[in-house]
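Two complexes are shown next, each including chain A; its partner changes from chain B in the first to chain C in the second.
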Partner chain A sequence: MRTPLRALVIRYAFVILACAVVIYPLLWMITMAFKPFPEWTTGTGMTWFPKQPTLQNFEFVIFGHAQGLVVSLDRGIVGPLAASLITSICGTALAVVTGTLSSYAVARFGIMSLLPLSVLQLRLFPPLAVMIPVMVMWAFIGAVDTWWGLSLIYGIVTLPFAFWLMKTFFDEVPVEIEDAARVSGCSYWRVFYRITLPIVKPGLATCALFVFILNWSDYLLALLLTQKNWVTLPIYMSTLTSPMGGQMYGMKAALGLIAAIPPVVFGLLIQKHLVRGLTFGALKQ
Partner chain B sequence: MTSIQINNVTKRFGEFVAVDDLTLDITEGEFVALLGPSGCGKTTTMNMIAGLEDPSEGSISFDGSDLSGMRLQDRNIGFVFQNYAIFTHLTVYKNLAYGLEVRRVARSEVDRKSRAMAERMGLFDRLDESAGRLSVNEMQKLAIGRSAIVEPRVFLLDEPLSNLDASFRAYMRAELKVLQREFGQTMIYVTHDQIEAMSLADKIAIIDKGRLMQYGAALEVYNDPRNRFVANFVGSPRMNLLDGDLKHEAGRLRLVLAGGAEIPLAGQAAADFGQAKSTQKGSLGIRPQHIYAGERRSADDMEMKGHVEQIERVGPTRLAYLQVQETRFLSVDEQDRLRPGDEIAFYLTAEKSLAFDMATGDRLGGRLQ
Partner chain C sequence: MNAISIQGAIKKYPKFTLGPIDLSVERGELFGILGPPSAGKTSILKLILGLVKPDRGKVLIGGANSDEMEVAERQISMVFQNLALFPHMSGRENIAFPLTERGVSSKEIAARLDAVSDVLHVGHILHKNPAQMSGGERQRIALGRALIADSRAILLDEPIAALDARLREEMRVELKRLQRTNNQTFVYVSHDEEEVMAIADRVAVVIDGRVAQVGAPDDVYNKPNSLSVAQVIGSPPMNLFQGRFSADGRHFECGDIVVAVAGIRDVPAGEQGTLGIRPEDIHRAGDHATRRFRISVNSIEPLGGYTIVNATLGGQLIKIRVSGQLDGPDDHGGSVVFDERRLHLFDSEGDRLGME
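This part shows the complex of A and B:
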């Protein structure tokens, strides 16, 4: 059979284009992180790879100042990194635990049949629309600029996501498997804990990763609900501007690289489950 | 061994009545099949015995003691599901050991029993594999082993063979019978396959639309169906059910079928229809093996004239479709001499004919010998 050469060329062209669109920003960030100041912009001509690679950008974002640079920041990366880790992890734990338990209740026992929709409604609002009342409430309970205040709002905002994702996973588990365990003598709680949860473990891992990425990359909520004690990485990144308002592209790229590490590590840790989680519909019936 | 009493049990889901005033008495050690078309309430009945559902009305007892309020985990039931419900995230060993571990049996005992059961079910060399990697056939064996290992009082099987391939199904059918003898437990078996029910069960309960149609030994249900539904449902090939108007003329009774064909009722069939004077529309039931061509065997046998429409071979049996005007009779051609297109006379064995009232579906007349 003759190979339809033209179709092949077009197909590969599209694939290459799609890859380029995805990879180029990443490549830009990695090379930029190692470029010294003069190479940041095209003022001295376009540079694809750093001509004089430097670690100065990393030094600056980690310590808040760097040798040979007159500008400095009032903080290093440690505070924002810790703040981001703590609030993202706590927010993710909150959303995943409550989302899992509530979606199981709805998926299995059909209680509160309107709950799924009202949970979804939470997601339909643009966050900005409710942020003013939230800010007032948070101020009232003393949650502004605290780790738990930010974790709480992260948990609430990502709950619908966790709820709906986990619900689809629970819906996939045949009810007979749970019945079989109950007939074997298990209580409801034990069935959930020992049978159902292990079965949806891939889904749980996937859900946790997605929710974590959502929280990790949040800018708006952290901007509105923190001041200076709990500055997260995205907020920290926004402070990387020179006194005259110029963008510190090299430093931002360096910070971006560092900030990408936790989700990537998390993803690698659960890699085994990730594929199963994303193709969960193939559960053996 | 445990006896089961189901007393006037009704189960409603909203408006829908899944099980309607069901009463069944199951003797200890008996193998009972619940047989009926899909959605007739068999599985709901099973779930109520297991405790997965509660009856809306009525009660279920084991050995005379009422189960209502007894927790599921205290009933000690073995349940094999249609889709196996294997714990695919555990190993074969863990699946077998599960029920024992939940019951906090000593570890050495768990180990001994699990290995013995694996040996019995032919899964011994797969003990450490993930149960999700077993074939469908092996999963079903594992499901049976997992239920049997706890030595339940009652063993419930919900269409356990329907997902298996044909040859393995035949094997498992024989195997189940052996297992039941070994375990000596009361077994209830849900199926919509009447061949399965006939070959396995001591007794068959036939259910339609949530109501019990008949409950009796396999042969009794086959030979002596209490109503038209049972007659139609049990037996393969299916019974001929010939519906028509009863005509009394000059002391003779005839059944006029749609399209005009007439059956001159005689012998037992005439007597049964004749008893129920009020019956206007009747249905004559006769199994294909009781319709024959050739020499008349008894003076009472009812003669029909028609032609052979088609011959069908089912295994060693030849089935002949005999056409009389618009009515088609299914017959077993024992002597292998009918050919399509033949114009023949054939006979309906009168003493094997069953009479039904079309209006109620009930059987008319007495018990067959």
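This part shows the complex of A and C:
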């Protein structure tokens, strides 16, 4: 049956609109990253593309200062980048490992049937509602402004997401496959390691990427639980203001571009698993 | 010694109770378990495998109580209904899996893999993943995984249900050949009676979680011990007429249908009962037939070597199986007779009444 022309036009109009909503900020960020200070605002007339392209913004965010600029920061990107990488990776590992093991236990053995809802409750609280007690606890155990303190809270906050996502993947694996492995001589652990985990590998990759992005883009937790030693990229970005020029849009855009690289690289590395992970269970077995 | 013996096993599920089950499977036997869907057939296999533990009773494997045996220690293989191949492994890895997990040397694995792939003709697909195989190929790989392990017994849970009719028939013959060649113990589960009856040495009919009858396929077919077994066995199913035994116990009456039951012992005179007659035991009445019944033919189903006639007798729909093909509905019209040597009579409880 042919789709009527009007429906086709409306459909494509929506698609183009959706694309524009997604692509417009990205384009803005990319072009802004290469614009010199005078082109940041409407003062000299805004243009899409930089009239005088420059790498000064990148130089500034990488080293904390740049030639020809009077303002400077007390740090470059290396510290915040390392802090973000370390805490995001550790937090992701913590959430994915605990989420995978616990969701497997619930999905396969039905133990602690209330656990899924309890875990979900963690996500029901607005983070701000629990941050004061968390800050007190973190201060008590000496976890404030440490890599492990931030990693720990990242792992805890993203655990419900990892748990529920992995549970849906485990639910999709027919129990007979595991029974077949047990009949063939595998112990429970060996079944998990040799059979189930490789089957849900696409799901695991998808889960890890999503959790990593959540941790990578966190601002609130890092703001409240770090001071100066473990400043992450989003916090570093918030310092890109100057008393004279106000918001340093060019530098923020340059930092945004650099900050987008790790998730993109991660996504590319697991690309072949990602497609299967996103469609896991959508196809008839 | 029996290969497998289940003694009074009961397993309770939230909405279903299996058992008590009493069964024994001889070594080298092809034992069939037949029953309608959700009757508990797969649960019996899980009891044997140790995937579920009985609440009461016990399962003996090779004469030994299996209570303390782990699943792998039982040395029983299984072909699952959905085959349960490992999707991330090649055909070769799938078949060899039980051996690699048991730490068998790679030299022995290679030798046994060669032997199994020769028997199953799967040498050309060993490098493929299950997703790249046809239904029949996957079937063979699953069978190979069960065969290679040198098990005490192989359990097959509706293993060919997913295949098309032609392939099913081929695989059925091949399974029987494999079982005979290797003199292996097979427990074959299916809801398809034709499948089970065709290859099993003995068959157990399972209905509502209980073993209703065990015997040779012919016995179960020709002498179902209860109404429920009679209803399960036979395709098309047995024609059943509910009626009453005459006061003198010499006849069974169901409206206009009256048949002599003089040769049957312990007839409950004057009580209600059920008369059963298989579709192939109803014949067109000859000129001299005495006890004839008028039927009206509704439709015919030509099925090649035989034809199913759908007719009405005494206000009840019946099926008649006729050899060969009919030219049209009128070809079997008129009157029919029942083969009185092959009547099945059941009392009001559904138990079979004995014949002399």
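Definition applied: the second predicted complex is superposed on the first by the 275 of 285 C-alpha atoms of A that agree within 3 Å, B and C clash if a C-alpha of one lies under 4 Å from a C-alpha of the other, contacts with A are read in each partner's own complex, and residues count from 1 in each chain.
In the analysis below, contacts are C-beta pairs under 8 Å (C-beta built on N, C-alpha and C of every residue); 3 or more make two chains touch, one makes a residue touch a chain.
Bear in mind the structure is a predicted one, so any value in this text is a computation, not a measurement.
Visitor: When the two structures are overlaid on chain A, which partner does A:195 contact: first (chain B), second (chain C), both, or neither?
Guide: In the superposition, A:195 touches chain B and chain C alike.
Visitor: Just to be sure I read the superposition right, which of the two partners does A:126 touch: chain B = first, chain C = second, or both, or neither?
Guide: neither
Visitor: Between chain B (first) and chain C (second), which does A:176 come into contact with in this model arrangement: first, second, both, or neither?
Guide: Both partners, chain B and chain C.
Visitor: What is the contact status of A:110 with respect to chain B (first) and chain C (second): first, second, both, or neither?
Guide: Neither partner.
Visitor: Between chain B and chain C, which residues of chain A are contacted by each of them?
Guide: After superposing on chain A, chain A residues 174, 176-177, 179-186, 190, 195, 198-199, 201, 285 contact both chain B and chain C.
Visitor: In their shared complex, at which residues does chain A touch chain C?
Guide: Listed in rising order, the residues are 174, 176-177, 179-186, 190, 194-195, 198-199, 201, 285.
Visitor: Which residues of chain C touch chain A in their complex?
Guide: It is residues 49, 51, 71-72, 76-78, 80-82, 84-88, 97-98, 101-102, 145, 149 of chain C that touch chain A.
Visitor: Would you mind writing out the residues of chain B in touch with chain A in their complex?
Guide: Those in contact with chain A are residues 50-52, 72-73, 76-79, 81-83, 85-89, 98-99, 102-103, 132, 143, 146-147, 150.
Visitor: Taking the touch rule as given, give the residues of chain A at its contact with chain B in the complex, in rising order.
Guide: It comes out as residues 174, 176-177, 179-187, 190, 195, 198-199, 201, 283-285.
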